[in-house]
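So, here's a batch of structures to check.
First chain A sits with chain B, and in the next complex the same chain sits with chain C.
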Partner chain A sequence: MTNFQRIVRRREFTVLILILILGAIFSFTTERFLSVSNISNLLLQLSGVAITAIGMTMVIITGGIDVSAGSTLGMACVVSGYLLLGGYSPFLALVLAVLVGLGIGLVNGTIIAWGGIPPIIATLGMMNLIRALMFQTLGGTWISGIPPGSRTIGLGKWLGIPIPMWIAAFLIAIFSYFLSYRPLGRHVYAVGNNPEAARVSGVNLKSTVVFVYALTGALAGFAGLINAARTGIVQTNTGMGFELDVIAAVVLGGTSALGGRGTIIGSLLGAFLVGIIKNGMVLLNVPALSEGLVIGVLIIISVLADIIRARGEAR
Partner chain B sequence: MKRYHFLLVLALAFLLVFTLPVFAQDKYKIAFVPKLVGIPYFNAMEAGGKKAAEDLGVEFIYTGPVTADVAKQIETIDNLITQGVDAIAVAPNDPAAITPVLEKAKERGILVLTSDTDGAQEVRDLFVNQAIEREIGYTTMDELAKAMDYEGEFAIVSCGPTAWNLNTWILYELERLAEYPNMKLVTIRYAEEDVQLAINVALDLINAFPNLKGIIGQCSTSAPGVAEAVTQAGKIGQIVATGVSVPSMMAPYVKNGAVKSFVLWNPVDLGYLTVWAAKYLLDGNQFEEGIEYEVPGISTKPRYVAESKMLILGPPMVFDASNVDNFDF
Partner chain C sequence: MRNIWDTIIGNRMFFLSLLFVILFVVLSLTVPGFLNLYNLTNMTQYGVELGLLALAEALVILSGGGGIDLSVGSMMSLVAIVIGVFIGRVGLSPSLAIVFGMLTGLAAGLFNGLLVSVGKILPLIVTLAGMYIYRSLALIIAVDPQFGPNPMPVSNFPKSFYFIGQHRIGGIPFQVLFIFVPVLLILHFLLSRTAWGRKLYGVGSNETAAMFSGIEVSKVRLTVYALSGLLSALAAWVITSRIASARPDIGTGYELQAITIAVLGGISIQGGEGTVGGVLLSVAIITMLNNGLQLAGIHQIWQLGALGLVLIGSVLLNQFLIRRRKI
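After this line comes the complex of A and B, so read on.
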């Protein structure tokens, strides 16, 4: 197979083509799609998903899943929301939001790696636990009225592009390199492909697993700070369902739900695809309720395509 | 014979266990199940309910799902039936889906009310209504029209697509729209009961419809959400936000100019009235049409509509810069 064929056959390429086709359709049918404010909106809305998807991609490559990411984002929102509201420096809010996420992720990773609890069960428990803690902390009230001066990290722009998207791009570049070229990055694939072989060849399975969950937690915490700064309001169900957006982006972007295969760039493209569909449906004024239908069908088709391809390769 | 004795003792023991709580309680247990817990609007209703419970000497239970989830709400009601409460008031997330479980409650002799949102009309004993739907819809449209100078395009950001009260208000808003021939509704979108989602949806709308002059946020989470979106998009002065929400969330936007006025009633009073009405019926009283009821502890005089078994708190309230700071809910 030539290099060109190899690229064309990749899922990332298919998703990219889909995005370009949809982008072309939307820019011909609506005059507003390619406007600066619309594109910057689109980027802003998907930056949180894109950042968290970096970690989630690795988790799913190891054959796991983390459904506590939405609660983690919510808890980080609460912590950073209070700090921003209290006039503390946004940097302190950032550090604490990431630490909160990191802590949650470390606990997730530890109970999965050492406790032997299936990832979906462990993180499901964590999801409920953190959500309950959020209720306790907020006591049914909301955080609102965060001063605009503290919200630059969520609302600001640099060279016309929203700051959260710069952050996402930076993190994606670093971790893509890490995943492809650093030993620990390769271990992530090894754990997902064939844990037994990985163990025999000297990969520390447990610490690799702890690492991917801790990273996902820390990134969800980071996304939480951005979310609090961007919207200025933290409610008790902030981040509910967010984990599903992240998982959808990762799966659409070609990471195999069975583990062992996937890229961070693919997840970014997956996030783009979902974002562009949601955005386009508003622009085209398609009835709101068909949004879930389109995205749901897309997810099922993409996983089906995975399975069919896997069969083809096995033959 | 021995076996028979054993069974008898067992039966007696069961009887004792199940009847004891009945003897033990002398206070009515009145439960309120909101659409979801943890939002300021229902917190305010809870506060009113608590106050009524203290004033009237009943036990008040406030419990509900953490998201506006139909299935979880049904589960909550099921648990309350098992607990053996005397009355259940509910703000249904889905009026049709809630009917069977409320029927079950009624079969067990529990008084069934709806409050804030109606549902299961053929089952419930009373609907405690904040204000007539028509008046809320009309007032919202009037406030929007005034703020938009009676012309231009507007959009509605609603919340749960199955919420009966929101859909009815929208219906009346559209009916009232006939009075304003120069105004045009461009779209209705749904953002669940989620502020962040409402911000995103409204930002998309502002982009999609460059001539937009107004947005209605139909529920207590979407109204501050659309106001925040107008603020973020830098459209204060061009696009005006309004809707149905609580003063504590709307105050910042009334001050920055994104919102000129918005509509609500007093949710603390609504919570109070719900518990008061449940106690009134449990005591064996009946409501009658044409009477203005004196309810100590609330500021309005509720009236009863026999045809729809509905107790109405009063007319809707309009909030603006002059009074938005006077309320703590």
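After this line comes the complex of A and C, so read on.
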């Protein structure tokens, strides 16, 4: 196989082509799609998904899943929202938001790795527990009126591109390098491919699993701070359903739910695809109600395509 | 002392019965309004929808291979709104609308089942996508163009439609006697007395061995997901009749409760292990807990929070027991 064929056959390439086709369709059918404000808005909205997808990609590569990411983001929003409202420095809010996420992720990882609980059960339970805690903390009200001066990390721009997107790009670059070239990064793939072989070769299965959930929690916490700073409002249902967008982005980006395969760049492209679909549907006045339908069908088609392709290659 | 403790937590039915009794005593003593005949019989009607969904979840988890159905709540929403729209907006007779509702649930379940058994996609991914799709379909169907672009609930049902969900016989809600109990008995019979039941346990506990014994694994799994859709549809019918309204978001959050009940009832998340009796006790415990928390004036979101804890706790207990047995 030539290099060219190898690139064309990758999932990332298919997703990229899909993004370009959809982008072209939306720019011809709507006037606003290619406007600076819309593109910048699009980037702003998908940055949180892209950041959390870094961790989620690793979780899914190990054969797991984290459905508590949305609640984690919400809880981090609450904590950082109160701090920003109280006039504390955004840096302190950032540190605490990440710590809250890290704490939740550590608990997830520990009960999965040491308790032997299936990831879907552990994180489903955690999702509801955190949501209840969030409700308790907010006490049935919401946070608003965060001073504009504290919202730079969510609203600011540099060279015309929103700061959250710069942060996402920076984190994606670092963790892509980490996943491809650092020993712990390779362990993530090893755990997903063949846990027994990985264990025999000296990979510490449990700490690798704890690491991926802790990282996902911390990144969801980071995304929470950005979300609080961007929107300036925190409600009890903030972040509800966010985890589905992240999981959709990762699965669409070619990470196999069976584990062992996937890239962070693929997930970024997946996030772009989900973001463009949502954005385009709003511009075309398609009711937001059908969003779930489109994303659900897309997930199934892309996973089916993968399976059919794998069968073709096996022959 | 150690032996007694082992028997208590080692025998699931005994453990659940004990938990039930303790919870009953605690709630009777601490929550005013809990211990009276009206509340106790009235409470059972809330357990019917949950119980049907938990049985659906139990069947799917039993079939193994990472079996889980995250879409039961969404299927319930979809069927509820289908029944509602057919009766309230199209003007169909309730019995015909209910048949269409059941078929919708069956179709949704078959779709999940085909993707799992023939498409060989992980149940988690299939039913996650299914959850998105059915929820979205429910919202789209609920839009009434006469009243703008927003999804609207339907509540103009004929009186006869409320019979199933609101009628009582000897103080006991109709749906408990004539829907939940029969379903429970049929499933118990299917699982413990028929060849199909043995096949299901076989597929769930050891797929390869089942395949080599000539069991058609994919057929068994397809049936289980289809049944899950049908049971969700039944739950949708009962709840629309009880609350006299078909809402497109009625099933939100039910999947977590259904999974929790199944797992607490002793259905092993690895598949192939557990009984209908365990699920029944577990339904009773969770229904009682929900009722007690509600009477005590604790916000509904805490019921979900408490469930999250129970879910993690009960799986931890299962894992602990499995390890113990191995030693």
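Methods note: the second predicted complex is superposed on the first by the 313 of 315 C-alpha atoms of A that agree within 3 Å, B and C clash if a C-alpha of one lies under 4 Å from a C-alpha of the other, contacts with A are read in each partner's own complex, and residues count from 1 in each chain.
Quick note on the criterion: a contact is a pair of C-beta atoms (placed from the backbone, for glycine too) under 8 Å apart; a residue touches a chain by one contact, two chains touch by 3 or more.
These figures come from a predicted structure and were not determined experimentally.
With the two structures aligned on chain A, chain B clashes with chain C. In the superposed pair of complexes, A:V251 makes contact with chain C only, with no contact to chain B. Of the two partner chains placed around the shared chain by superposition, chain B and chain C are both touched by A:F135.
Touch criterion not met for A:V59: it reaches neither chain B nor chain C.
Of the two partner chains placed by superposition, only chain C is touched by A:L293; chain B is not. Of the two partner chains, neither chain B nor chain C is touched by A:A69. In the overlay built on the shared chain, the residue A:N237 is in contact with chain B alone; chain C does not reach it.
Applying the stated contact rule after C-alpha superposition, one finds that A:L43 touches neither chain B nor chain C. After superposition on the shared chain, chain A has more residues touched by C, the comparison being chain B against chain C.
Overlaid on A, the two complexes show chain B and chain C touching the same residues of chain A, namely 131, 135, 236, 289.
Only residues 68, 115, 119-122, 124-126, 128-133, 135-137, 139-140, 143, 149, 151, 256, 259-260, 263, 269, 299, 301-302, 304-309, 311-312, 315-316, 319, 323 of chain C touch chain A when the two sit together in their complex.
Here chain B touches chain A in the complex through residues 36-40, 43, 46, 66-67, 161, 186-190, 193-196, 199-201, 203-205, 207-208, 210, 221, 224-225, 228, 232-233, 248-249, 252, going by the rule given at the top.
Here chain A touches chain C in the complex through residues 65, 111, 115-118, 120-122, 124-129, 131-133, 135-136, 236, 244, 247-248, 251, 257-258, 287, 289-293, 295-297, 299-300, 303-304, 307, going by the rule given at the top.
The touching residues of chain A, counted against chain B in their complex, run 30, 32, 35, 37-38, 41, 45, 131, 135, 138, 140-142, 144-145, 155, 227, 231-233, 235-238, 240, 278-279, 282-283, 285, 288-289.
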